[in-house]
Each structure stands twice: as C-alpha cells, then as structure tokens.
Amino acid sequence: MDFKLSKTHLLQQEMFRRFAENEIKPLAEEMDETEVYSLELLAKMHKYGLMGIPFSKEYGGVGGDYLAYALCMEEVSKMDASSGITISVHTSLACSCIDSFGTEEQKQKYLRPLVDGSKTGCYGLTEPNAGSDAAGQQTKAVLDGDSYIINGTKIFTTNSGFADIFVMFAMTDKSLGTKGISAFIVEKEMPGLKVGQNIKRMGIRAASNCEVSYENVRVPVENRLGKEGDGFKIAMKALDAGRIGIAAQAVGIAQGALNEAIKYVKERKQFGKRISSFQNTQFKIAELQTNIDAARLMTWRAASMKDNKENFGPAAAMAKLFASKMANDVCRDCVQLMGGYGYCREYPIERALRDAKITEIYEGTSEVMKMVISGSMKIF
Amino acid sequence: MKIVVCIKQVPDTNEVKLDPKTNTLIREGVPSIINHDDKSGIEAALNLKEQVGGTVTVVCMGPPQADVALREALAMGCDEAYLLSAREFGGSDTYATATIIATALQKIGYDLVITGRQAIDGDTAQVGPQIAESLGIPQISYAEEITVEGKDTLVVRRQYEDRYHIIEVKLPCLLTALAELADPRYMHAGGIIDAYAKDITVLGFDDLKDSLNPEHIGLKGSPTNVFKSFTKQAKGAGTILTDVSPDEAVTEIIKKLEEKYII
Amino acid sequence: MSKDIYVVAEQRDGIVAKVAIELIGEATKLAADLGQKVYAVLLGDENIKDRAQDLIEAGADGVVYVADKMLAEYVTEPYTKAMTQIIKECDPEIVLFGATAIGRDFAPRVAQRIYTGLTADCTKLDIDVWKANDEDPGQKLLFMTRPAFGGNIMATILCKTRRPQMATVRPGVMKRIEKVPGKKGEVKEIKVQFTAADMNVKIREIIKEEHKKVDITESKVLISGGRGIGSPEAYGMLRELADVLGGEISSSRANVDAGWIEKDRQVGQTGKTVRPQLYMACGISGAIQHVAGMEGSECVVAINKNDTAAIFDVSDLGIVGDVKVIIPKLTAALKKYKVDNA
C-alpha cells in the first residue's frame, strides 16, 4: 500500500496550489463580500482543465482520475470554498450524470462542451419540499409527442446563475415512487427556464445558488438521460461521487484555516512571547493537523477506490461525514487561536468557519451519510 | 520555426531563510522552480509557435531532479524536452555551462534560442550571451517584446535603463527574456498527464563528447571558481538607539544606508 | 605577461557613465596593490576621444580608444570585436565593466570569445595572495565578491589561470577618487577593421524614455508613514525624502482608513506585501498586520517615539525619536551627501 502520490499527481497538485494562490486567493474576500462569483475566474478554471478532470480525453476532458480531482478540490478550497463547490457541482454532479448515463450523441453534444472548457453545468434535484427525501419530487415531466413538458421549482441549485446546462430531475410517473423519477438535460436557452436571485446564505456566499423554476419547459425526448424511471438511480450515483469532492472541500477549508492560524501564532506576541511558544497552542495545533490528516486519507482512499472501480459509496460517505464535522471543529478552534482577530473579516478565518457548515448539509446531510454507512454494514 | 528554450531549475530564493543560530541558509523544504525569466521565455516561445507555427523544444542542464522542471515545461505546451546531465558537467561555471549547452543545441538544431536573462540563484546573467557566442549567432538580451516579420526576421524591443532599441535581427539568433516579456501560463491539468507520458531525452557526456572539449567543462574546465561563500548578517532586532539627538540619528541612518549600498 | 587594469568606460550619446568613474577610482586602489597601471577604454563614434581627458583626471593613467561610427550606439558584435582586439593587443591583467544593461550583455560575449573567466555584478574587489597549497609561493589575484542566491549569500570568486581576470561591477558601490584637473596621461587609438557583416543586427529605432512610474511593490526604497507622522500633510515631508532616495511613499493601514493617503500605498495584511531594499517605518507601531507586509525588506530603519514599539523587533536600525524632526534633517543631509559625492 503506497500512500505517496505519483509524480503526475504531485505536479497536478502543485499546479492546483499555484493557481489557487495566484488566481483565487486575491479574489476570495471580495467575492464573499459582494456575493458575486467572478466569471473571469470561472473562465480561467475552465481554461486550465480544473473543470474537467475525471473525464476522458475522448470527449475533450483532462483524462485524469478522482484522486486528482480530490487534490484539486482541496487546493482550491484552501483558498476559497465557493470556488470548490463551483467546480464540484459542475464535475461530480452535472458532468458525471451525462458521462455515466448519456448516449454517445448526448455525450458529444453536452458532455464535450462541459469538460473541454466551454460550458458550465449545474444539477437540479433539491426542491423546497424535497431535500433529504429526494424521492418526494414534485417537479413533473409530462410526455407530449416528441418532447416532455416540465413544470416545477428547484431550490439551492448551485451554479445556476451562470450555468449553460442544467441536469435536472422530474417525476414522470408518480405512482412508481422513486422509480417514477427521470433525468433530463435542459439548456439555459430553453423557454420557460427561469433562474431566480442568488439565495442569501451563511457561507460559500460567492457561489451562485438560486431557485430555478421550470414553467412549461419543452425538452426533447433525446434529452432524457437514461430510461424513464432511471432518474433516482442516476441522481444517487452522482451524489455518491460528489461526496468525495465535498470531503476534499472540507479538508481544504480546514487546512487553509489552520495554515492561516499557524502563520498568525508564529508572529503574534502576548505576555512577552510568541503564542506559538506556548505548549497549549502547540498541542492544539497538533490535534487539529492530526484530524485534518485523518480526513484527507479517508478522502484519498474513497477516491482511489472509485478509480479502481470498487464499491466506494460507503467509504465516500464516511469520508464526508468525518471531514465535514472535522472542518467545522477545526475552523472554530482556529478562530479561537486567533482570538479577536480571528473574528474579524480582515482575516480569512471567519469565512472558513462560515463556509465549513454547509459541508455537513449538502450533497447528503451527515444524517444521510449515517444512513448510507449503517445500511452498508448490514446490522439491521 | 524551431524554437529552443533553455531553462534552469532553481531553488525559490524568495523562500530561502537564514538560520539565525548557525548563520547558514536553510535549504530544506525550499521548493525548486523553473527560473522566472526562463518561464517567460517558455511563454514567449509558445506564443510565437501559436502565431507562426513550428515546435518548442525545452532544454535544461541539471541533475536528475531537474526532470520535474522539464515536465512542467511540457505541461505548459512544449513539444519535446532534453535533460543535459552528467557527472562530468558538475561544477561548471558560466563559460563551461554555456559551452556544454551550445554543443547540445548544435546537436538538437534550432532557428531561435531563448534563454532567461538571469537565474535567481547564480544571478550572473552570463550564460545566455555566452551560449550565443559559442554558437556564433547574434544575441539580443533584455528582450521586452518580440514580433515576427516574414519567414526569418524578428523585431525585438531591447531594454536599457534609460532607453530601448527596436532591433531587427535575422534567424538564427538568441534572445534573453526578461520576466516582463510574457506572463507565463499555468500548466494544464491534462497537459501534466501528457507530459509524464512523453520521454525526456537525456544527453550525457558520451552523447556530446564528439564535439565537446573535456578541458573546457566541469570544475576543472571552468575559468572561474568559487573561493568561498558566506552569509550576510542574520536579520533580527538590530540596533536600537534610544538617547540620541536628531542630528546623531541622521548620522547613524546615513551610515546604515551606506552600509547597505542604498546610497 | 598580462599587465594593468583596464576599465571599460561605458558611454551613451557620448556621455560617460557614472559607473565608469567609480570603477576607475576603485581600479587605482587595485593597481596600487599590484604595482600596475589603470587604463580606461573608450568605444564610440569619431568624437569619442574628446572624453579621454575626463577619464585621466578621474584617475586613469592612460586611455585607449576605438573611434568608429559602428560604435556610436551599443551593438553587441562591433563592441565585442573592438574589445577583443584591445585585449589581444594590450594583454591586460584585469578588465572591469559596469554591471549595466550594456555591460551584462557585452562582457560575457567577450569572455566567451577569448576564453576567460568573468564574474558578475561584483560589490567588492580586492587584490590578495592565493596559494594552491602550503608549498605554493602564491600569486596575487583579484578576489571578486558578489551577491548570489537572490542576495541571500555572498560569494568570492577567483579566476586563477585564464587572463584577463574580468568582472562586471555593480554601479553605485565603488567610490570615485578626487578629480585631478589637468592630470596628464597617454591617449592611444586602436584601429579596428570593421566590415558591414559586423553590424549583424539592425537598430531600427532608439527611443529614450524617462524612468517609468512604479507601484510600491516594485520600488527599491519605501518611506512609509504610520499614525505617528501626525497629519496628512506630513506625507509631503516623506515624499521629499523618497524623492532624494529615488523611492516611493507608502503607509500603514490606519492612515489609509483615515483618508490621508490612497489605498494602493497600503502595506500590510490587507494591503500589499513589499520587499524593498530599504523600508523606512516612520511613526509606525509595527502591528502584526503591518509587519506581515514588510518583514521581507532587506533593510528596515524605524523611527518611533515609543521605545516599546513592536516595529523595533524587525528593524535593522531603530531610532527612538520624533519623526517630524528627524525626517527633514535626514532629507537635508542626504541632499548634501548627494552633492558632495556627485
């Protein structure tokens, strides 16, 4: 068992780190304050392949693996969690649905521009009345000749403010329950698709996250992903993979916060000494780094399992469950280490704490993670 | 156009710190990077290739660890890479280094050679011009801007402290790049995968010995040698003067400015 | 036997560069150690020999020159050809160039052509005896010291066997000597046979320009003001000092927030990170957010009324005193210094 990263992964990690430091870090604070994601930055992320990592070159993707994607998510999220989720929703949710279930035509038409740097995707599953209970979909898709007519509302659709392609889910046959949900590829230009205002949030404020309403949106049958009734399976498969991204995001948020706190304690003097010379501070930092490392390794393991085509679902759920709680704890402790200044918006640490919370909620709450994990353990 | 870019892998000297206890440089954990000026050279070469077509070859003289610098250049978009590495090359000063690199370039072939102006570790800015002399081709250093005219003519903006020249030069020639010449692109995430799939040609002493005078390479063949190196005073709290008159303070400040070559 | 020190007197538009005068001054000391002479080298158009007398008065024992319209403006090949011939005919022990945009293009080309050692950007030159081993009677060599590793270390370089020993020397470091008006010296012309092929590039245009405007992260000298300067008008006094030193003014956050100065001059956590050669912290307490933005500076001089100010922890020289009194005095003293040393 080799825990070392390959040369290719190391160089990719180095690139992600430099990009994040030079391109993302200078914008992070302003994007958070204004709650507007920089489209120029988005274009750069597309240009250098950050938005198409685990997809085949055959379709214009980077040809990388999920471990590389996890490395990207961590490096980016160290600087800005909003950039992390922008990449993650596009990659693990939108693109992977089409990659796993699309026909050749659908992949050429939709996956290609999403992974070659041209277009941005989003994923519409959650509704005002259907969160963890994803099966409670109220959005309807009714077959009408050679197309479906879709009506309903999705909420918390990340990237929807600027996405070109909407992978979304709707009920085609309510009587079949979860097996009555289907998946669709909707284009921004299709009449009836309305993206609402950015929803005001506690954290990841720069990310675009809106309510999207579908009013008699006519979608050709060719745009249905998989067969009728495959929707729930498609959605859940995407979320399985997404968890690896979120775990990596949480690791990044935590490591970024700790790095800032370490810089601070090495310079800050109280009682005549640098506070890094107090054993209490040293011990606390040791604990925090240990927990971050543990979460990182769990994330890498889940990514490697996916790359080896093993059943990675429970491992990914464990990684996200652990990493998201860890990130919240670590960020809170980092604010404490920095005292009053940790609470000031002048330093990026309070933003890290605000950003960390969502990792316990989206792409499957921690409670849902526990459902997945206990379900896989066959104890009941 | 066959463009060859010469690069050097250097420690990131911005990150180098002095150990105040031993007064020596802490080299551990200092990342190795492609020298900044050289990276601009790579970017300029890639831009020229995009404009007029051709290939970009990257060449690096260094120890085996320099492999990663070449992979980075490939991941930025260079087409092929050469590592010049041999025990016999070690200890070379700028004359010997330029001699070795020029010999390799003659073997590799070129229309245009681009080097960085100066490396941030040696800080000599000599190797570029010395390679040009070894090859017998014109050099234009401190290149701020390059345009191509026709098939074989370059128009270069050459920087001086108080002026600049617009110079017309025919290929083959050598340019030394300033960091201002071009803003280097990042590696592409997929380009990195391609970079590691390629082979880097290693040229050692045996590969070049037909055209290389062994008396002019390595430590023994170098006209200059380092006699000694030493660190400057470690920085910490320096002198604090509490009971001085303003005039005395001014005298002390001027002394300090002289000491540091600021005046 | 190689003999004498030759100093390349770089010129632009017929005006000899200051660094040449500095190097002649330095060369006289080295030549005294060697018991040899100093010659200045002039390369320029047909009028260039008019500058010879200035060089002799600056300390040279003689001048050799090449006057040709090929040399009116610096171009690598004609200059290299001329210098190579001078070296072949005169066989110098040492040749010094200014480490300028000309010198650092010119000297390496010459060194490679004649196969000799060249040391770049020297800040110290000495003549000393070098011995290969204990039995070796030793030989007097030029010990050339210069910064390396981004300025983090100093290295002393020797050119033991090849001649001439060559160096480019950093401008502004060596000291000129007292001018001797009316001093006499030999002025010799060296004739070089140039051909059209020597002008192997074509200068299409020469554009002279003033010093470009810099932003504070590019300035070599920063005079920075904090709360302690007292008022926005005080930046005028800092500006005067910055002008004398060829630098820029900058600020801590407090004054930017108070509207005394623009935000793009703010140094610190939420401002810019700077690493100038000189950072003068005037009336700045040295709060951690500020220090984070300037602690990489090569030389920090701090002036503050409060002897416990944290800024003194990171200064090379700290003065406990009144900025408003010291700065104007410093500016006046530096203006005088410049005149005295011009």
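Each chain gets a letter, A, B and C, in the order it is written, and its residues are counted from 1.
Keep in mind that, in the parts below, a contact is a pair of C-beta atoms (placed from the backbone, for glycine too) under 8 Å apart; a residue touches a chain by one contact, two chains touch by 3 or more.
Owing to the predicted nature of the structure, the values given are computational and were not obtained by experimental measurement.
> Central chain, going by Cα centroids?
Closest to the centre of all protein C-alpha atoms: chain B.
> Look at the interfaces A-C and A-B and say which one is made up of more C-beta pairs in contact.
Between A-C and A-B, the larger count of C-beta pairs in contact belongs to A-B.
> What whole-number Å value describes the gap between the mean CA coordinates of subunit B and subunit C?
A distance of 22 Å separates the two centres.
> How far is the middle of subunit A from the middle of subunit C, if each middle is the mean of its Cα atoms, in Å?
Whole-Å distance between the two chain centres: 54.
> Subunit A to subunit B: how many Å between their CA centres?
Each chain's C-alpha centroid was found; their separation is 40 Å.
> Considering the complex alone, what residue numbers of subunit A touch subunit C?
Within the complex, subunit A touches subunit C at residues 263-264, 267-269, 346-347.
> Tell me, which parts of subunit C touch subunit B in their complex?
Listed in rising order, the residues are 12, 73, 76-77, 80, 100-102, 104-105, 107-109, 111-113, 115-121, 123, 130, 143, 146-162, 170, 172-173, 200-209, 221, 245, 275, 277-278, 296, 298-301, 303, 307, 312-322, 325-326, 329-330, 333-334, 337-338.
> In the complex, go through subunit C and note every residue touching subunit A.
Of all residues in subunit C, those touching subunit A are 269-270, 288-289, 291-292, 310.
> Could you pull out which subunit B residues touch subunit C in their complex?
Residues 11, 13-14, 16, 18, 25, 93-95, 98, 120-130, 132-134, 138-142, 155, 159-169, 173, 216, 222-232, 235, 237-244, 246-247, 249-254, 256-257, 260-263 of subunit B touch subunit C in their complex.
> Across the complex, what residues on subunit B touch subunit A?
The contact residues of subunit B facing subunit A are 68, 71-72, 75, 185-193, 195-196.
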